[in-house]
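Questions regarding the structure given below will be posed in turn.
In this document, chain identifiers A, B, C and D correspond to the written order of the chains, with residue numbering beginning at 1 in each.
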Amino acid sequence: MANTDYTADEMMTIAAARMLRDEQVCFVGIGLPSAAANLARLTHAPNIVLIYESGTIGTRPDILPLSIGDGILADSADTVVSVPEMFRYWLQGGRIDVGFLGAAQVDKYGNINTTVIGDYRKPKVRLPGAGGAPEIATSARDILIIIRQTPRAFVERVDFITSVGLLDATTDRRALGIQGNGPAAIVTDLGILKPDPKTRELTLASIHPGITFAQVRDSTGWPLKAIEGLPTTEPPRPDELAALRDLNSRSKRADEKAVT
Amino acid sequence: MAELLTLREAVGKLIRDGDTVAMEGFTHLIPSAAGHEVARQRKTDLTLIRMTPDLIYDQLIGMGCARKLIFSWGGNPGVGSLHRLRDAIENGWPRPLEIEEHSHAGMANAYTAGASNLPFAVLRGYRGTDLPNYYPTIKFIDCPFTGEKLAAVPAIRPDVAVIHAQKADRRGNVLMWGIVGVQKEAVLAARRSIVTVEEIVDRLDAPPNAVILPGWVVSAVCEVPRGAHPSYAHGYYARDNSFYRAWDAISRTREGFLDWMNRHVMETRDFAEFQRSALG
Amino acid sequence: MAELLTLREAVGKLIRDGDTVAMEGFTHLIPSAAGHEVARQRKTDLTLIRMTPDLIYDQLIGMGCARKLIFSWGGNPGVGSLHRLRDAIENGWPRPLEIEEHSHAGMANAYTAGASNLPFAVLRGYRGTDLPNYYPTIKFIDCPFTGEKLAAVPAIRPDVAVIHAQKADRRGNVLMWGIVGVQKEAVLAARRSIVTVEEIVDRLDAPPNAVILPGWVVSAVCEVPRGAHPSYAHGYYARDNSFYRAWDAISRTREGFLDWMNRHVMETRDFAEFQRSALG
Amino acid sequence: MANTDYTADEMMTIAAARMLRDEQVCFVGIGLPSAAANLARLTHAPNIVLIYESGTIGTRPDILPLSIGDGILADSADTVVSVPEMFRYWLQGGRIDVGFLGAAQVDKYGNINTTVIGDYRKPKVRLPGAGGAPEIATSARDILIIIRQTPRAFVERVDFITSVGLLDATTDRRALGIQGNGPAAIVTDLGILKPDPKTRELTLASIHPGITFAQVRDSTGWPLKAIEGLPTTEPPRPDELAALRDLNSRSKRADEKAVT
C-alpha cells in the first residue's frame, strides 16, 4: 500500500505542508517550517502569505533560505519592514493566521523549549534561546510545530518553557491574557499529534504509513495516547514529492554555486 | 556630525573598555569587520548586546572581550551551535560570561524604546514563559485604561552602537536597504555610533522614504568594503554560507579557535588583510 | 484580501452609521474624494478621528455626519480657521459636536499602539499642559524600572480607516511615498479599511523598503484619480493652495457652505463629476 | 541711525533667524518660524538641519511652504519618515537643539496657548489646538517663540496651557520630569524677550530700532520689565534683507504659478 520511495523527513515535510491553506498568513521559522511552508506555496497554496521575522512579508523564494534573513527573502518579498515593525505591527498586531515553529524539545502540552537542557543556571546543553518563538506562540491565531520525534525531544515536561504551548492540564492560556489558540498540531517524522480537546494532552491523531504505534510510543517521553480509529497519513503524492525534491535540489545547487 | 575615519581610528576613539556595545545587523549587514577590530584592539569588560550573537560575538566572547551578553537567539544560523558562546556559558572559558536573555520581540521593543528616549517598552510578550523567572528586567504591568497585563522591558541605551550599511555620502549620511533589522533603532538608542559602509559616495541617490541615518546622528563612518563578510550586503555580495559552516570546525576547540583568530585577525592590520589571509 | 471596488461601493459596504472612522493623510494624500462620498451617502453619527481635520472633516462636520471628533490640530493650514468645525464646537451647528483633543504626539502614538494591538501607548507628553484636566483618556503612569512619570493614551482602534495613496496593483497591494504620515498605522489599527489610489497598475515597481500595505490588510481599493484634491499626491499633482484659500470664503457662512456642498458634492455622482462641477 | 527701509515683520524674522546657529538641529513650526529658520539657512547657518513634523528631515526648500507638509519639504529633504517615527525617534528621542514655535497667546512665563480664548468648555474663540507644540515644548533642548506683540497675545496668564513654557514662579519644569529647558527667547515685531534667570518672568532683553519701551509695555498684558542697559537690536543688514525678500518673492511667485 504505502509508497516507500520517500524518506521520513519527506513525509514529515509534506504532511506539515498540507496543514496550511491557501491565502493564510503564515509566520515561518527557518529550517523545517520554512521548507514545509514553501512546499505548500509551490503546491496547493499558491497565495499563501509567508512572513519571516527578518522583516520580509509575502516572500516567494525559489530556493530555501539557509538563514532567516537571506537575500532571496528580501528580493522576492512584497515588502521588507524593520524587525521592530515586524514584531510590533505584524506579529503582535494579530495579523498572523499560523505561526509555524520548530523546537528542540516539546512536552505533553505542546510547550516548547529551545533554551537549555537541564538547569537554566547550570545547563547540561545550552541551546540557542528564544528568538521570535515566544511571541509567535502567543500572538499567532494557531501554532503548528514540526519536529523529529525522539524520546529526548518529546518529554513529559520541558526543562524550560521558552514558548508556551497549552501550559498544563489546569492553566488556561486565556486566563494569562494570551490571545492565540496555541498548538493546533505537531507534525513529526512518525505522525501528527493534536491536543486532546478535553485534557489538552498531545495525542497521536494520524500515523505515517509504515510506522507502528509502538514505534511512536517508544519515541515519546510520556505515555502517548492515540485517538480512536487512528488514521494513517496519506502517503506523499507524486506531485508533492516532485515539488519537494525540486525545491531541495534547486536549493542545494544554489548553495554549492554560492561558495566563494 | 559624523567624522569619516578609518575603522581602527573609530574603534580606538569611540569604544572604551567596560562599554556597553550593540553591534546589530539581522543576518544581513552584520558589522563583522568592526567586531574584528574590537578584538584586535583587545577591548575588555564589554557588555555586548545583540539579538543574534552570530559569529561576530562568538569571536569576541572567545577572545575574552566580553563580561556580559544580552541576546535573544544565540546559534550559528542553519549550522548549529556557537561553540565559543557555549563554552563561555557552560564552562566560563576564557572568562565567565554573565548573560541576560530575551525574546526577539523583547529586544526589538527595547531598542525602539531606547531610540524613542523612553525608559521602557510595553509588549504582549513573555506570558507563560520561564524567562521572567530569571530576569528582573522582564516585568508585567497593568494597562491604565483596560487593566490588561502586559510585559515591560527596560530600554536598551548602549554606550556605542556599531552597524554596517551599504553606502554613506561625504557628510556621513548613511543609506541601507533590504533587511534592515534594528540597526536604525540601535544607532538612535546609543550615545555614540560607528557605521561601516561598503562605499562612500558623492551622492546617495536614495529612493523616497529610504532607510537613512543622517550624518548628524552618527559619530563615525568608515569605508570597509565587504565589511559584513560572512554576512552579506544586499546589492554587493551574497552571504558566505560555506564560511558559516566552516566556522563550526574552526571554533569547535579552544586551540583551533585561538590559532585561527591569532593568525587571521590579531596579526593582520585590517579587514582587507584579514580577507587575504583567511579567505585567500 | 482587498477587493477592487468603486468608491461608492466601498463606502456603502464598509462605513456604517455610528462607526468610528479615521481618515488620515498628513497634509499630503488626504482622502478628500472618500470624504465627499461619505457626505453623499449621508452617513450619520460618525466618530471622526484625524490628526488634522482639514477641509475633509470641515465638510463632514458641516453636513452633520459627525457626533464626535478626535483630533490634534484643527485649522485650515496656512489660511486660518475651519469655520464649520468652529461653528459646531462654538454653536452646536448643525448638531452638537463632542470633541476629544490630543497633541500630534499623543495621536501618533495612539495610532502606533492600535497598529501594534496594544491597549495603550506611552509617551513623554502632555506634562504641564491643561489637556489632561479635560480628558480621562490622558493619564500618567510610572515606569516600572525607573519610576519616571510618563503619559499614557489609549490605542486608537477605528472601525474603518480611509486613506489615499499613489498606486495599487491588482492584488490590492498599496504603495505610497513622500510624506506618509500615519496612514499605515491607521489602516493597521482599523478593523476595515478603504484605500483610494491615483491609479491601479499591473506592477508596483516599488523601491526597496518602500511604504507598502499588502492587499491582505486592506478591505477595499478604489481608483480615484486626483482623489486627494485639494491636498496633493506626490508625483501626480501639487497642493491646490488657492482652493484652501477659497474654502475660507465658501465655508464662512452656513448658507454658502450648504449651497456649495449641495451643488458640487451632494448633487454630483462621483469625484470626477465633482471636479468638473466645482473646479471647471 | 536706524535704517527704516524695512518692515516690523522683516525685523522680527531677521532677529529670530539670528538666534539660530549653524549645524543646530531645529524643529520648525509652519509660518513665521519656518520663514526665520529658512532665512538662517540661507544666510549664516547653511548647515542648519531643519525638521518639520510632517516627517521631513534635513529639508532645504527654496521657497517657503504654505503647509507643514508641502511637497517641496519632502523633495528637498535628506529623508522623510512617518509621523509616528518623527514624534517618537526624532523629537522625543532628544535629538532637537531648538524647537521653533509660533503661538496665538503667550504669557508672562512663556506658556503657550493655541487652544481656546475663554473657557475651554465654552470658548469665546476656538483656536486650532495643540498640533506638535506640547511635545516640542518639552522635548527640544531650547525653545524659541516668534509672535507679533499685542496686549491680546501677551497676557498675564494664558487661558489654556497648550504647551508649557516656564510654568510659573514656583513650579520647576524638572520637577515635572520635563527634559528640555523651555523658552530661551520670544522674538516679536517690537523686541526680544527672555526669561529673567531668577523670576523666570519674560523680560525685554532687546528692543528693535525705532521702538520705544512705552510701545512695548503697552503691547504687553503684564507690567513688562526690561533688563538693565536694554540694548537695541541690530537693524537688518542689507544681505539679510535681500535674502529674506528673495525668499519671500520666490515663494509668492511659486504660489501664484501653482494656481490651477
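Please note the rule applied: contacts are C-beta pairs under 8 Å (C-beta built on N, C-alpha and C of every residue); 3 or more make two chains touch, one makes a residue touch a chain.
Since the model is a prediction, treat every value here as computed from it, not as a measurement.
Using mean Cα coordinates as chain centres, the one most removed from chain A is D. Mean C-alpha positions place chain B and chain C at a centre distance of 40 Å. A straight line joining the Cα centres of chain A and chain D is 57 Å long.
Distance between chain centres (mean CA atoms), chain C to chain D: 28 Å. With touch defined as above, residues shared between interfaces to two or more other chains in chain D number as follows: 74, 80, 88, 92, 139, 179.
The residues of chain C that reach two or more other chains are 112, 117-118, 123-124, 148, 150, 178, 180, 184-185, 208-211, 234, listed in rising order. Chain contact topology: the protein chains form a pattern that is neither a line, a ring, a star nor a complete graph. Every pair of chains in contact is given here: A-B, A-C, B-C, B-D, C-D.
Contact residues on chain B toward chain C in their complex (touch as defined above): 117-120, 122-124, 137, 139, 141, 143-146, 148, 150, 152, 154, 177-178, 180, 207-211, 234. Chain A meets chain C in the complex at residues 23, 25, 49, 57-58, 74, 78-81, 88-89, 92-95, 139, 179. Across the complex, chain B meets chain D through its residues 1, 112, 115-118, 173, 184-185, 188, 206, 208-210, 212, 214, 216-217. Those residues of chain A that touch chain B in the complex are listed here as 30-31, 53-56, 66-71, 73-74, 80, 82-84, 86-88, 91-92, 115, 120-121, 123, 126-135, 138-139, 160-164, 167, 171, 173, 176-179, 255, 258-260.
If you check the complex, the residues on chain C that touch chain D are 26-28, 51-52, 71-75, 77-78, 81, 85-86, 89-90, 101-105, 108-109, 111-112, 123-131, 134, 148-150, 178-182, 184-185, 211, 232, 234, 238-244, 279.
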